[in-house]
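Two complexes follow with chain A in common, the first pairing it with chain B and the second with chain C.
And then the complex of A and B:
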């Protein structure tokens, strides 16, 4: 192999890409592979790749494996890893940053329930400025089709009734417009925020 | 005490550990007058709390005895124990210093016969053994104590025990009327050698040092091996006094961690490697004895790689590349259980042990910016030996400047001694 070909082979473009495009991605190189984040994660075995392995994979240039992985979608934001990381890496935020980046590129696993929930949640709150619990939960139940939705709703009915009784769930939520006063103002603000982020990250 | 004479030709050494002793003896042997002040009732510092020291695994008494003899015999060194610096003002070549000496209640007539201790019943915590043990309130600080002189704990002054101790002394060495004394001196240069303190293990919350009996520090482990220590030289578990055979060592307990100590404490990898050899000493080739070291990376700094290799060849010792996430305790057995992920293969573990030793790192005993007089601090609070010290005649030595092993602390102290001598010589030149 020629010298330039070798350089090309070993140049890690993916680490640079993560540093530039991923929220908090510039921290990745600071990881010293101690493993305390992986050991501290309450979801433990649910991850195919624990955080420090993801960081190593980024440094090793494994772009498809990382961005297509569902590992970072497993993060529940408990912040145990951030609290214990000896180098103060904002691991939770990096995980969300990676997930978000993979989603934007269309590389995130399509069926991942966290990703789908996040999307429903976002659409819900971004339209009206408030979370409409009823729309959110129905959206979630019926995301796998009508039959499944009915099954899930029945399974959760005691919780639902409890919420109703304590006034935490508005039964008329489906029909009410609801939400904040200045919805178009909110949408403008969100659009602007997105523009700023896109320019900053060079999309 | 009135016979302490000092001038701007005198070097004051603060701290009588291996570093302060080295700086004092080096300066004196170069012909300078030295006053060495030590807060404890005896010289020796932390080294006197070790069971053996690497790399040669000799007992600390070995190197220490020679140094103590040289110091005690040298006409140019004046040792003041139980003494601290109260105030320090001035500049290179001309410092005024106020010292404060706590009452020992025992004068220089003491022969260390021990009759006073025999005569009394009161017991107090023994800080030399990290309070894992009590000793009589009339005590010799350590067997190696220099000076070899007893101390009365202030808590018994005014009690019957104090009178009993005095009555038992055949040499008229007990003086119950001693008071705290203050002494003002003029010195030309200062060597600051107040050393380190082990990082407070209780601050590392996930390791439960304050909750679990069988989680100890590396310093406490040293004391356990000492025949005169709290367990009579046996590795006994604090919870039930049973022999601890399956032992884990956790490296970087506090060190290299921005939540605790930013720096690498350097000596702790070697200290744990050394401590695995204590298992062989205690149990021979008993197959039940094992040591497991959890580490980020082993830093057998400098010339110690061969020591590491030797320990690696020991069948009793294994290594797991992982910073332990947390420790829990088995309720019945009180066995500590280590949880984490082995980064070589990303395997999760929940490993149970008889005893866990936390390899805690070093914090400065006195923070550099509390000394005053332009002494610069580094980011961990040690004296910054590289700062622009123009005009400053206070020089850090040993672990007051950084986390160091004995070898480096001694080198560093010789350098500090040379710097202090230069200040003294300049002052003398200017006056001539």
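And then the complex of A and C:
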């Protein structure tokens, strides 16, 4: 199990683990705890632990609390924290990196809707090369089963109809292959990329 | 006047029958008037958007963007790449910068793309730009103004810049906190910019409008409220995600909060097409769910 392997390898040096394994993780020790990121985040209220707290928790070795947190999943990728951080930490990327790492180790909160949506999104584009908007939305609505899916789809009915009437949604999107021509080439390249990354990170 | 030519990355939401297909229609009309030639990258793929991070690690995301960079260079060597979508622009430019800084990432990307028969050669001098940059830096307000045949007189427009067209790269010479280029553009087209629009760089929630609708709609509500407070009749944006999120959820927000929002959200390219004398269809106005009546009236004149 990769998670156990990481725990064994890094013991309780979670900072070193983050520095080595998480995208842009080597920036974490540069945080000076000013909190500008927390005040700048559009979804700030929804974060149990705002970024500067996450950084301090990493340094304090609070591995499970950080990787199991749904805080990073509140990032809307608006880059406000990045442009405002006095020390120029790439906070958005670190949050994405932590979320990705937690997800890959199976420690991210299972029910978090953004985690699940992000996975559906990636599978959607990695298969066909381009976003299929109808499959993407229906995939999200129906991820909790058929009954729930119908309920959610009905709640969104008017939005869908509006897009349909203005020619901004393809009703046949479910049945069309769509996407790029060289799907197989892209799929092979992405498979290779995943293999290389997995080897480098020891997943 | 010499034709300006660019390698063009339209992005997923620009395709026919997708959420920003009307953006594309108006961009084509606008470019025709401005004599800008867009060479679409052959068989381009998705940039990974931002939300791709959870499943797609850094390398797979970079590979997706590098594939486009390689195809662009092969098709239109030496040309700047221009994107109309904020996420496409950001994703491509970010990957290009990282490939120039990180040799391991570059070598891994080259190795991965060989599987698709693509030979990636890094071109550090390649510029990846947003269409707004082309308009402001290459063409300029004066030249844009010279094409205005139907000024958008008396229309009060709030310039909603949003996030990813503004951060982390932004438009040269503009601030992150109060970028003014949309206001200047609105003025150039003869309309009245709402200069006090204090939510002009507030995030609409982006992809979280799908996964965290309540939290995102709180954001959208702020963006709409401020436009109303300062007397806007219309919102204009350079981003397909901003456009969609701010337009399509107004009814749901009204139901949840007892508000009466009903304000058109347009693209800069739609304003330009109408001001340049284009008709409603050329401006993609039939694609707006909340009809931009003032623009329709001017276009019909």
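The rule we apply is simple: the second predicted complex is superposed on the first by the 187 of 203 C-alpha atoms of A that agree within 3 Å, B and C clash if a C-alpha of one lies under 4 Å from a C-alpha of the other, contacts with A are read in each partner's own complex, and residues count from 1 in each chain.
Definition applied: a residue touches a chain if its C-beta (ideal position, glycine included) is under 8 Å from a C-beta of that chain, and two chains touch if they have at least 3 such contacts.
These numbers come from a predicted model, not from an experiment.
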item: Chain A as common anchor, with chain B and chain C clashing or fitting; value: fit
item: Chain B versus chain C, judged by how many residues of chain A each one touches; value: C
item: First, second, both or neither for A:57, with chain B first and chain C second; value: neither
item: Which superposed partner A:143 touches (first chain B, second chain C, both, neither); value: neither
item: First (chain B), second (chain C), both or neither touched by A:38; value: first
item: Partner chain(s) touched by A:191 [first = chain B, second = chain C, both, neither]; value: second
item: Chain B versus chain C as contact partner of A:114, first or second or both or neither; value: second
item: Lowest inter-chain C-alpha distance for chain C and chain B in the superposed arrangement, angstrom; value: 6
item: Overlap of chain C and chain B interfaces on chain A (superposed complexes); value: 83-84
item: Residue ranges of chain A touching chain B (in the complex, touch as defined); value: 32-36, 38-40, 44-45, 49-50, 52-53, 83-84, 86-88
item: Contact set on chain A toward chain C in their complex; value: 23, 42-43, 46, 74, 76-80, 82-84, 92, 96-97, 99-100, 103-104, 108, 113-119, 121-123, 125-126, 129-131, 133, 137, 140, 158-159, 162-163, 165-170, 173, 180-182, 185-186, 188-194, 196-197, 200-201
item: Residue numbers on chain C that touch chain A, as the complex places them; value: 12-13, 15-22, 43-46, 48-60, 62-64, 67, 104, 108-109, 111-118, 163-164, 167-168, 170, 176, 201-203, 205-208, 210-212, 215-216, 219, 248-249, 251-252, 286-289
item: List of chain B residues in touch with chain A within their complex; value: 206, 252, 256-259, 296, 321-326, 339-343, 346, 348
